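Only one structure is covered here, and it is reproduced in the block below.
First chain written, first letter: the chains are A, B and C, and each begins at residue 1.
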Amino acid sequence: MLNNKLSGVLLHHMDMAVAPEPEVLCIFGTGDLGRSLGLRLLQSGYRLVYGSRRPHTCGPLPQGAQVMSHAEAAQSASLIFICVHRDHYEFMEKMQPHLHGKVLVDLSNNLKKNMYPEANAVYLQRLVPKASVVKGLNTLSAWALQNGLLAGKQVYLCGDNAEAKQAVAQMTTKLGLTVLDKGSLSAAGELEDFPLKLFTEWRVPLYIAFSLTAFFFFYLLIRDIIYAYAEKGTDISYRIIVSLANKVFPIVSLIMLSLCYLPGAIAGLIQLYRGTKYRRFPNWLDSWMLCRKQLGLVALGFGFLHAIYTIIIPIRYAFRHKLISSVVDEMKDNKTTPFYFDQTEAWGTDTFIALGILGFFLFVLLGLTSLPSVGGTFSWREFSFIQSKLGHLTLFICTAHGYIYGWNKFLPPYKWYTPPAYMLCLIVPSVTLVLKLLLLLPCVDRTLTRIRQGWERNQPREEMSEMKATSL
Amino acid sequence: MLNNKLSGVLLHHMDMAVAPEPEVLCIFGTGDLGRSLGLRLLQSGYRLVYGSRRPHTCGPLPQGAQVMSHAEAAQSASLIFICVHRDHYEFMEKMQPHLHGKVLVDLSNNLKKNMYPEANAVYLQRLVPKASVVKGLNTLSAWALQNGLLAGKQVYLCGDNAEAKQAVAQMTTKLGLTVLDKGSLSAAGELEDFPLKLFTEWRVPLYIAFSLTAFFFFYLLIRDIIYAYAEKGTDISYRIIVSLANKVFPIVSLIMLSLCYLPGAIAGLIQLYRGTKYRRFPNWLDSWMLCRKQLGLVALGFGFLHAIYTIIIPIRYAFRHKLISSVVDEMKDNKTTPFYFDQTEAWGTDTFIALGILGFFLFVLLGLTSLPSVGGTFSWREFSFIQSKLGHLTLFICTAHGYIYGWNKFLPPYKWYTPPAYMLCLIVPSVTLVLKLLLLLPCVDRTLTRIRQGWERNQPREEMSEMKATSL
Amino acid sequence: MLNNKLSGVLLHHMDMAVAPEPEVLCIFGTGDLGRSLGLRLLQSGYRLVYGSRRPHTCGPLPQGAQVMSHAEAAQSASLIFICVHRDHYEFMEKMQPHLHGKVLVDLSNNLKKNMYPEANAVYLQRLVPKASVVKGLNTLSAWALQNGLLAGKQVYLCGDNAEAKQAVAQMTTKLGLTVLDKGSLSAAGELEDFPLKLFTEWRVPLYIAFSLTAFFFFYLLIRDIIYAYAEKGTDISYRIIVSLANKVFPIVSLIMLSLCYLPGAIAGLIQLYRGTKYRRFPNWLDSWMLCRKQLGLVALGFGFLHAIYTIIIPIRYAFRHKLISSVVDEMKDNKTTPFYFDQTEAWGTDTFIALGILGFFLFVLLGLTSLPSVGGTFSWREFSFIQSKLGHLTLFICTAHGYIYGWNKFLPPYKWYTPPAYMLCLIVPSVTLVLKLLLLLPCVDRTLTRIRQGWERNQPREEMSEMKATSL
C-alpha cells in the first residue's frame, strides 16, 4: 500500500480553521524599495505591516499590507526591514523598548564610498544595542524586486547573532534567493560597498587598452602623418580619423588577445620549473589570470571596431577618390601595367582577408561562450576546449593575419629608423604562441599533465595528491 | 569537541528499514506534459502514480512510475496534478468521493484567451467542491521540463485554501522553482493568460516604430522619388528598396533612441517643479518609462539594419555604375576638377563615418548589457552608469552623426517647401539632449539629487524620507 | 492581534548560549576543489573540517576551517566530501572503522571516459562497504564555486542509500543548487561522464555541415576553377579563398536552415496520415527534431560568414581590378553601353541585397532568442511565434534571396551538363516551404489542430485526450 501523507502537511480538515497563520514581517519605510520588497514578501505568502510616521498619508502601498505607526508595527513582528535612509535612523534610538529582541535587517546603501565613518548597520546596532542587526539584501534594487528578477540570485548577509542571521536566511531562501554568509557585522562595510563598485575587475584591462591605444596612436601619428608632412610636405591629417584609428584598433586587439593566453603559458612554465603544482603562483600572475576574461572581451571590442572600420573603407571619400584618380592617371599615361592581373597579389590579399574574417568569427564565438547563460550550459571539458583550443586557434589565425599584412614589408629601411607598428604588435602574440608550442611538445606536455594531476618531482609524496584543479 | 550530528537525519542505522518513505504524488493524464512532469518529480525523489482511463495501453511512462485507474491513483496520494484538457474534466465530477480533501493542481492552459466563460481552475473547483483546487505551474512547458530548464524560474500559484497552496509551494520549491503567490482562485484566469500573452510590453514600441517607419517612408517617397519624377522626369524608383530604406532606418532608430531618454528628463523636470519625489508621475509617463528597454532594443534593431544597408552600398549596381560613369564623364570632358582632393570633404565624411561606427558600437554594448544574464552581473552603480552615462553618450554621438550628415544642407530652399527628413528626425534627440544638459547644470543637479534623496521643498518634513529609489 | 512569532526561531534570549550549533561537514583533500567547496560551505553557514595526511603543511585554507588528520576529521562529521583523486582512494580502506555509517560524497572526475573498469564511486563503495557512498556534485568546477556561479544550477546525485542521498540533497539545496536524483549508485558512471561530454548534441549538425561544405566545395571547384582552366585555359585559382568560399557558405547555411523546419513538416504529415498524435515518431525523426536548435545555430554561423565575406568584396584586389579594367576597356573601345543605366538590373540587385539583409537580420533575431537567458523570458505563445512564424518567414526570405540570385540563369545549357550549385541548394528549402504551405491549407490545418488536441480519427476515443504538447 502506498504512503498516503503529504510531507508535513496533513490535509484531513479542509476547513480553514486549522490553517497555519503565515508569519508577519514588518517594513520601516514606505519608499520605492519598501513598497517593492513588501509586494514581493506578500507574494511569497507572508503577512506584512508597514511602519510609518505618517501612516495615513504615505501613498499607495501593496494590497493586503497594513500601515501603522513605527511602534505598533514593530510590536507585531520579529523581523523588521529597515528601508529608511541612514540619515533618519535616530528615531529608532527613541523607540528602543519596542525593538528589544527584534531582528533588524539593514538594507540601506550609500551614494558614495566612505560617506560615513562607520557602516550603516554598525551605526544602527550602536543606536539599538538590544536588537540584532543583520546587514544584507542591499544588492537588491527596487527595480529587480518589481520585475521578478530575483530567482537564482545570490545575496549576502552578515551579523553578530547567528539565530537572527538564520531567520533572515530562511526568509531570503523563500524568496528564491541564495544566501552567502559573510560573517560578523564588521563585514557590513564591505557589503555596503558592493552596490557601489564600478567595474573593479575591468579597470586593469581598460587601463591596458587605453595605454596601448595612446602609445600606438602617437607612434603612428608621428610615423605616418608627421613624417609625410615633414619629409614630403603632404598633408594627410584627415587620415587620423579612420585610417589611423583602423591601424590602432587591430594592434591593440591582437596584443590584448595574446595577453589572455600568455599567463596560462607562463603558469605552465612555472609549474614545470618548480616540478609541483602545490605552490602558489606569484601575486601578479594570479591577478593577471583572474582578468583574462575581461582582457579578452576588451580585445573583442577593439576587434569589432577594426572589422567595421575595415568594412566601411569603400564608402570613404578617400577610397573613391583614389580609385577614380588611379584610373584617370593610367588612362592619361596610356600605361597598361595596372590592367595586368597580379595572381600573387590576388592570393595574398584574399588570404589576408579570409584569415581576418575567420579570426573575427572565432573571436565572436569565444565572446558568445563567455556570456554567463551560454557558458553555464557547457560541461567542464567543453568549456576548456573552447577557451583553450579554440582560443589558441583564434590567436594563431589573428597573428597569421598580421604576418600576411606585412609580408613584403618586413625588411628595412624603415622610415626614421622606426619599425612599422604592426611589427611591434606581433611580438607578444608570437612569444605567446611559441611558448604554447613548447608546452605542447609531447615530452613537456606529459610532464606537465602529471604535475597537474598531483605528481611532484622533488620531494617524496607524503601527501596524496589532490583532485585536479578544473580552474586552469 | 565538534558537533557530530547530521541536520535532522541520523545515520546510525544504515539498514534501509528506517529510511523515510518518500511522498507519493499523482498525475492524471499521460500526455507529453504528464510524462515530462512525472519524470521530473521522480528525479526530485518523489514516488509517482499515474491515473489513466486506459492504464494498460497508455504508452511509455517514466521508469519507476505506476499506472492505475483514476480512482485508485487518487486514493494513493494527497496531491494530484491535473494534466488533462479542460474539455475532459467531467469524469472528475463522477469520482468526487475519491477526490474528497485532495489537493488538485490545475496545470491546464487554453489555446486562446476567453475561450470559456470561467477559468479552467474555477470550473474544476465547481465540479469538485470538496477538493482544494490550486491553479499553478501552467507556465512550465513539457519542453522546459524535459530539458532541465527549470532551475531558478518563477512560477505562480493561486487558490482559496492556504494549506493546499503551501503543500504545492513546498513541492515546487523542491523542483528548484521559486513560487509567487497570486492570491485566491479568482486569479486563475490571469494565470491562464500568462502563457498566451504575446509581446504585450513590446506592442507600444513596435507600434511607434511602425508608425514612424510608415510616415518617413511616404515622406521620403514623395520628396525624393515622386519629386524627381514630377519635376525632372527621371525614374529613380529602384531607390525605394535600398536607398530609401536606408534613410528611413537611421531616422526611426535615432528618434526611438531619444524616446528612451526623454521620459527620464521629463521625470526630472516634474520632480524639480513639484519639489518632491513623493507624488506619483502621470500614468502616461509611468507607462513610457516602463517600456524604455523595448524602445531601445527596437531602436537597436533599426540601427543594425542601417549599419548593414550602409556597408553593403559599394556592392550595389547603382554605386558601381555611378563610379564608372563619373570616371568616364570626367575623361571625356577632360576636366581635372574631380582629381583635386578636397581635404574638407575627406575630414567631413570620415568624421561622419567614425561617429556612426562609434555610435553603433556603443549602441551594441548597451544592447548586450540589457541581456538578462549580463545585466544581472552588474552592481547597481554599474547598471546606472551604463544605462545613464553610456546611454546619453550614445545618443549624443548618434545625434552628432545626424548633424554632420546634413552639415551644408540645412538652409533653404527646400524641395516643395518641405524640410529634409533628417532635419525632422533631429528634433526629438536635440530636445532630449538639451533637457538633459539643463538637468546637469550644477545648481539644478544639486537640487534634484536632494529631492531624490527625500528632501521636500514645500511642506515641513513630518515623515522621514525614504530610501532613494534605485529604479530611476 | 497579529501573530508575533518568527517561523521556528524564537528570539527571546539574544545571548548566544542557546543559538543552534551549525552542522559540521568534512572534506578530504585540500586541493583547489576542496578549498573552493570549503569556502562555499562556510559561507552557507556550515562549520568545516579538512582531513589531510599532512595537516600542518597543506597550504592556505579558507578562514574558519580546521585541519586535522583524516581519522580525526572523519569522526567529527557525518558527511564527508571526497575531493581526492581516485588513484589515492586506498587509504580509506585502511581507516574503515572511522568511516562506519558515514555519508561519503564522491565528487571525483576522470580525465577520459572508460579510464577504469568501474565508476569511481562504485570502487569507493567497494573499498568502504559500511559507509554510504553518494555520487554527485561532480559537475561543479572549482572555478564555478569560487566565482559564485552556482545559484540556480542543477546537479545530479545517485546512491543506494535514500537517507544519505536526502542528507546530501538537503545540504546541496542550501547552496542554492537544484538536485536531480539519478537513482542508485549504478548510475555513477553516467554522472562521471557528464563533465567529459564534448558537444554530443552538436556532433550530428556539425557533421552535416562538414559534409555539405566538402561536397559543395569540390562541386564548385570542379565546375568553376577546373572548368575555366580546362576549357578556357585561364587560371582563376585565387578565387578559391574568398569567392568560392562565399558560394559554399550561403548554400550550406540555407540547406541547414531548411533542415530545421523540415522535420516539423514531416511530423505534421505523419500525424495527419496516422490520424492520431498518440503514436511515437520514428527514432530518426525524434533525434532530428531534438537537434533543430543546433542545426539552426550552425546555419547562423555559416550565414554570418556569408554576410562578412559578401560585405568585404569591394576591398578585394580582384574587385578593384575588375572595376578599373572595365572602365579602361570601355574607354578604349569608346563604347557607351556600360553607361546606360539598366533599371531592371538595379531593381534586381537591390531586391537581392535587401532580401539578404532582411533574412540575415531575422536569422540573427532567431539566434538571439535561442540564448538561454533570453528564451527563458518568453511565454509559450511568444516562443512558438518566434520559432515557428518568424522561423518560416526567415526561411522564405532566404529562399527568395536564393531564387533571385539565379533569376536569369536557371535554364540550360549548363557547364559540363551539371546544374549550378545554387540550384541544388534550393531543392530542400523549396520542398520544406511547399510542405509547410500544404499544412497551412485551412482544411489540413483544422484537422491537424484537432489531432494535436487529442482527437483520433480511427478508433473510438476511450481514453480522454491528454493536454496538448507544448513541445512542438
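Just so we're on the same page, a residue touches a chain if its C-beta (ideal position, glycine included) is under 8 Å from a C-beta of that chain, and two chains touch if they have at least 3 such contacts.
Just so it is clear, the model here is predicted, and its values are computed rather than measured.
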Task: Set of chains whose contacts include both chain C and chain B - done: A
- [ ] Over half of interface residue numbers shared between chain A and chain C means same, under half means different, so which is it?
- [x] different
TODO: Report, in whole Å, the distance between the mean C-alpha point of chain A and the mean C-alpha point of chain C.
DONE: 23
- [ ] Would you pick out the residues of chain A that each touch at least 2 other chains?
- [x] 22, 151-153, 311, 314, 323, 327, 331, 371-373
TODO: Give every residue of chain B touching chain A within the complex, in rising order.
DONE: 21-24, 47, 49, 75-79, 101-103, 130, 132, 151-154, 161-167, 169-171, 173, 178-182, 278, 280, 307, 310-311, 313-314, 323, 326-327, 330-331, 338-339, 341-343, 345-347, 349-351, 353-354, 357-358, 360-361, 364-365, 371-374, 376-377, 379-383, 385, 453-454, 462-471
Task: List of chain C residues in touch with chain A within their complex - done: 1-9, 11-12, 14, 16, 18-20, 22, 29-34, 36, 42-45, 52-54, 57-60, 83-85, 87-88, 91, 107-109, 111, 139, 141-143, 146, 148-153, 175-176, 194-199, 235, 238, 241-242, 245, 301, 304-305, 308-309, 311-312, 314-318, 320-321, 323-325, 327-328, 331, 371-373
